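Letters are used for the chains, namely A, B, C and D, taken in the order the chains are written, and counting of residues starts over at 1 for each.
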Amino acid sequence: MTEFLTKYAYLIVPIVKIAILVFIVLTVDAYLTWIERKVIAHIQARWGPHRVGPHGLLQPLADGVKFIFKEDPLPAHVDKVAYFLAPFITLMLALTSLAVIPFGPQKFTVFGYETHVGIADVNISLLVLFAITALGVYGIALAGWGSNSKYSLLGGLRSSAQMISYELTLTLSVVGVLLIAGDFSLRNIVEQQASPARGLLTWNIFPQIIGFACFYIAAIAETNRVPFDLPEAESELVAGFHTEYASMKFAMFFIAEYTSMIAVSCLATILFFGGWLSPFPASWAFTHYLPSLLLIPFGLWIIYDGIRYENLFGRIVLPGVGTALTVVGGALVLLPVLNDAVQGPFWFFAKVFTFLFVYIWMRGTLPRFRYDQLMSFGWKFLLPVSIANVVLTSVVILWRMH
Amino acid sequence: MVPTSYYLILSAILFGLGIVAFVFKRNIITIFMAIELMLNAVNLAFVAFSQSLGKSDGEVFVLFVIVVAAAEAAVGLGIIILTARNRRSLNVERVDLLKL
Amino acid sequence: MSGSLIIFFVLALLAVFAAISLIVQRHPIHSALSLIVVMIALAGLYLLMGAEFVAAVQIIVYGGAIMVLFVFVIMLLNAEEEERTNFSKLATYAGIPLALAVAGFIAAAIASSSGSLPAPESSGALTSTKTLSNLLFSDFVYPFELTSFLILVAILGAIVLAQRET
Amino acid sequence: MPILNHLWIIPLLPLLGSAINGLFGKGWPNKTVNMVALGSTGLSFAFAVEAVREFFGNGQQPFRKEFFDWIVAGNFRAGFDLQLDQLTVVMLMVVTGVGFLIHIYSTGYMAHEGGYYRFFSYLNLFMFFMLILVLAANFVLLFVGWEGVGLCSYLLIGFYFLKKSASDAGKKAFIVNRIGDFGFMLGMFLLFRTFHTLDFDAVFKQIADRPADAMGQFGTLTVAALLLFVGATGKSAQLPLYVWLPDAMEGPTPVSALIHAATMVTAGVYVVARSHVLYTQAPTAMYVVAIVGCATAFFAATIGLVQSDIKKVLAYSTVSQLGYMFLGCGVGAFSAGIFHLMTHAFFKALLFLSAGSVIHAMGGEQDMWHMGGLSKKIKVTYWCMLFGTIAIAGFPPFAAFFSKDAILAAAYGHEPAGKILYGVGLLAAVLTSFYMFRLVWLTFYGEQRYDEHHVHVHESPKNMTVPLMILAFLSLTGGWFALPALFGGRDYFADFLSPVFGAAEAGGGEVAASLEHILSIVAVVAATAGLLVAWRMYTGKVKRGTSEGLHKILYNKYYVDELYQAVVVGPLIWLSRNVFWKVVDVGVIDGTVNGIAHSTTAVGDTVRQTQSGNTRSYAVWVLVGALVVFAIIFWPILHPAVFGGAR
């Protein structure tokens, strides 16, 4: 058994990792929808979902079930290939983009197979990421064109144009970081930002503030999120490119969208905010206990909050979860090894979550662009600025050299 | 280890297919794609050579080819749009007059 | 039958079949999709050969920009299935043999010449992007600048061509 | 700055003037045009004087400078080389000086003509070419000037190009000159073929080293000399090519004075004198020159007897005087020829300008039979004309007395046929004085034969009369260089030119001083005879002579023009009409052109089929081309591969 594992570790470990990652991501996606609805609801002074489970926590589950069991009608005269291919492409690419993202610093060995947090560690991971995002257009374009409906077609057209336009900015805005790091590997980019002495002061965000601005805006456009969600502008084209899609196919688009949001947030974190690095100097030892400091109160609060419910949740589930979290928090305090192992991922996910929140926040705040505004903004403002950023950065670097 | 000749033969096959497409497709856009296909075949040969000779020049050439292809696509598609707009047809056999 | 060989054959077959489907597909957008597949397969082959940067650029530029442009134009012009007209007798009769002749020529030339070539480095040793960029900005700097100029011209040309004369 | 090193300035200035006037002068007022034209000519005259001064300054060293290469082909070089020696000095002074005077005169004469700027542009251009001609240091450059003056003479003769006769005369002059130029070119080619260079110095040096052709032997030198002389006869209006000069009188009178009396027509004489080495080595040619000159002198004089047009008379007189010059050169008295050239330039210019003044006064009337009794009305002109007449008639101490006398003396002493030449020349002298005084009587004496009411006679303005006076003075004193020779002294002119002609003069017949006196007395007597006859015939009441017999023949200039018309022009026209036009042009040339066109069309019709406009066909063509290329490229590789053999 063991030798079998050791023999085929190079196959098994990645598969397992993939499985875990996919599970996590899908769950996060699901609950991201919940978070989004809640946040926006509160921004708009509503309650948001609160029927299914406490705080509507089971809403995503219900949605998933609904998606699965809904009828999947096939519109007339659709181009079957494109129509079926589109959602798969989109979802596949979105998930693949996560494969090259490193989530933590550690290397660990399973059955004599050395691996690390994150699936693939390619030394051109950034390029790969961009390659994947570049292909992302097709899903939407095909969906729009394949489903033989003018709304879809318009949505598809818009999104392909929009994505081509903002991809340039997306790529160019990163060049600054690349110049500083001198490497395509995300891992190395993060490492290069590390400095135990000075904490967050050496993150790329400070030299590359312009680059970050361009990057984030372009990224939002790439993911077709508000305020760049013209491809699916419900007030103009019913639902844009996925008007004609229902049930699981629609779900795929949905998942893909949230996944790409996560991917982009990860990317932003890694490129500009020092990935898994702690913002504090290493010397501040107490900061190591932040995770537990967050977990324990949270767990306790869950127990306290859960008691109210006069049912299964209130009696068993929530208290269980709460105690579990508290225990984990305690464990972290007690076992330094575990604590250290958690540090990286903790910071990473903290940052990613922040970005995701900003996404949602924007959606709740900003109005949608008009199409021509979108284009002129992308071409006439964003692109020049990012180019200027590249020039500036290279000049500074040269000046530093001499 | 894959022998270089495999890559070259593959590129030859792709090139031939590109030629066939170039001759036998009627749709301007598809013909254009055929040209791109041929370019890709050539790129493959370039990379194969540069790898087997241990010189990176070939890959630089590939980059140039890609850039030129991009420029070509921009202009070519512009022309195609214009043609389609004026002739109401993408069939090259129907677009056989210099003046409308 | 080493792993790389298997990968090669998979990708090669994928490319060839996609190319064939480019020919047989009647709808431009299907041809475009086939072509994209070819390109991705080629990118895989580049990776296999260790030309990582080229592979990435292949996908980003070809797959992500050029082909998107094609698809975009196809959608914009709302191209329908191509009609199989045969006005050109020449192409109808002389086309196949000539194409085969050229292909055969190339194949024969390769077969006769490439026997001596050494096998390429497997994906173990990648041409680092640094060497590539060094070449690009030292030996090939003039062509490089020239291409940038070419692109500028192309942009202008495209704009002039595609804009509706009012 | 030493002008000699910048000799090119002298010809360049008139060219500039011409260019400026020609390009911009159209709208300018006459004053501006005058300023440019006179300025350029005057300056060039001043520079010429300065150059001559320097020339004398450095001991009359012949000066030669190569300014830039013009044609260099193989071992042949024709540079823009200018030279300045005694002969050139004489010509230079004559050309610039007289030219300048005539320019001044023209400002008055042409004042009321159209195309004022055009006239002066042409005139300056002429000056330029003439200066090139006299300054040139090789035959090619000289030929440039030669052709250039021809062109200008054409332009100026045809100045009133609206007048058919004028344009015809221009064409005639040009064509007849072409014949001469043809001979000249052949001569040049022959020289080049023989000596492989065309620089004067080099050529003449080699010639001097060669043995001279014997009398009657037609060696290379003789042939070359004769060919050059053909050119000279064309340019200098000698038999048989003199016919253009009388017609050239269609041009404005200053032109006649400058080009067809003073400067251009003497170019032939200049060439002969310039290449005296060649001629002395070719006695046959010399003899021919002498005979032709003598014959022309007499022949033209006879025609001049009966002409009624005042300018025509002067024209024929010019021809005959040119004949004298050639006679002088022919008998080896080159310096005498040049001497006569100079004096003739003075008094003939004077005569023409005075004639012009008369015509001006008569309001364009040229027929002497419609003049008469003008001596009272236009005194200055009258006196100037009289001076000129006396000068040309050869009364001492006027210019022509010395120059003509020198020529006749040389002719007398010439062997073998000197006496005959002398006799004919003397006869011509008699005729000369006769027709000149006839002109004077008819014009200025007797009762007026014109209508007072239509023409009111008036004296010309200052800017016309002043040059007249200057020229009159010159034609009085111009000959005095040779004054001492009469009293056994030295002929300064001859001495001055002797460095140039040194060797050649020896060939000329020298005669004893005593004989010289006799000859000159004879000449004076002859002139007087002419005068008396003229006085006898044309004073008192005269009426136009009824033309019959000899008079008729003379009046019609021996029907030479008609002869040429019948012998040369007619057949030529017939030939060109019936052969060159109807057969060659229509049949061959047009046939070829149309044939080409038709065949092209046919080919195009067939080839057009391939241009179906169908892109797929084109694609196939591309394939074919690719196939060919591949075949060419890969053949070496494939040959063993396909047909076995070693890989």
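Rule of thumb we're sticking to: a contact is a pair of C-beta atoms (placed from the backbone, for glycine too) under 8 Å apart; a residue touches a chain by one contact, two chains touch by 3 or more.
Source: prediction; values computed, not measured.
Chemist: Which chain has its Cα centroid closest to the overall Cα centroid?
Modeler: If we average C-alpha coordinates per chain, B lands closest to the whole-structure average.
Chemist: Is the C-beta contact count larger for B-C or for B-D?
Modeler: Counting C-beta pairs in contact, B-C comes out ahead.
Chemist: Need the CA-centroid distance for the pair chain B / chain C, whole Å please.
Modeler: 6
Chemist: So how far apart, in whole Å, are chain B and chain D when each is placed at the average of its C-alpha atoms?
Modeler: The separation of the two C-alpha centroids amounts to 77 Å.
Chemist: Between chain A and chain B, what is the gap in Å from one C-alpha centre to the other?
Modeler: Roughly 36 Å, centre to centre.
Chemist: Per the centroid of Cα atoms for each chain, what is the distance between chain A and chain C, given in Å?
Modeler: Going by mean C-alpha positions, chain A sits 32 Å from chain C.
Chemist: Where in chain D do residues touch two or more of the other chains?
Modeler: Chain D, residues with two or more chain partners: 612, 614, 616, 619-620, 623.
Chemist: Where in chain B do residues touch two or more other chains at once?
Modeler: Those would be 19, 23-24, 26, 93, 96.
Chemist: Two or more other chains touching the same residue: where does that happen in chain C?
Modeler: Correct list: 53, 57, 65, 69, 74, 76, 87-88, 91, 95, 98-99, 102, 106, 111, 115.
Chemist: According to the definition already given, which pairs of chains are in contact?
Modeler: A-C, B-C, B-D, C-D
Chemist: For chain C, which residues count as touching chain B in their complex?
Modeler: 2, 4-5, 8, 12, 15-16, 19-20, 22-23, 28, 31-32, 35, 38-39, 42, 45-46, 48-51, 53-54, 57-58, 61-62, 65-66, 69-70, 73-74, 76-77, 79, 82-88, 91, 95-96, 98-100, 102-103, 106-107, 110-111, 114-115, 117-122, 127, 131-132, 135-136, 139-140, 143-144, 147, 150-151, 153-155, 157-162
Chemist: Under the definition above, what is the set of chain D residues touching chain C in their complex?
Modeler: Where chain D meets chain C, its residues are 612, 614, 616-617, 619-621, 623-624, 626-627, 630-631, 634, 637-638, 640-642, 647.
Chemist: Give the list of chain C residues in touch with chain A in this complex.
Modeler: 27, 29-30, 33, 36, 40, 43, 52-53, 56-57, 59-60, 63-65, 68-69, 71-72, 74-76, 126, 129
Chemist: Which residues, counting only chain B, touch chain D once they are in their complex?
Modeler: 19, 22-24, 26, 31, 92-93, 95-98
Chemist: Name, in rising order, each residue of chain A that touches chain C in their complex.
Modeler: Residues of chain A touching chain C: 79, 81-82, 85, 123-124, 127-128, 130-131, 133-135, 137-138, 141-142, 144-145, 153, 156-157, 160-161, 163-164, 167, 171, 184.
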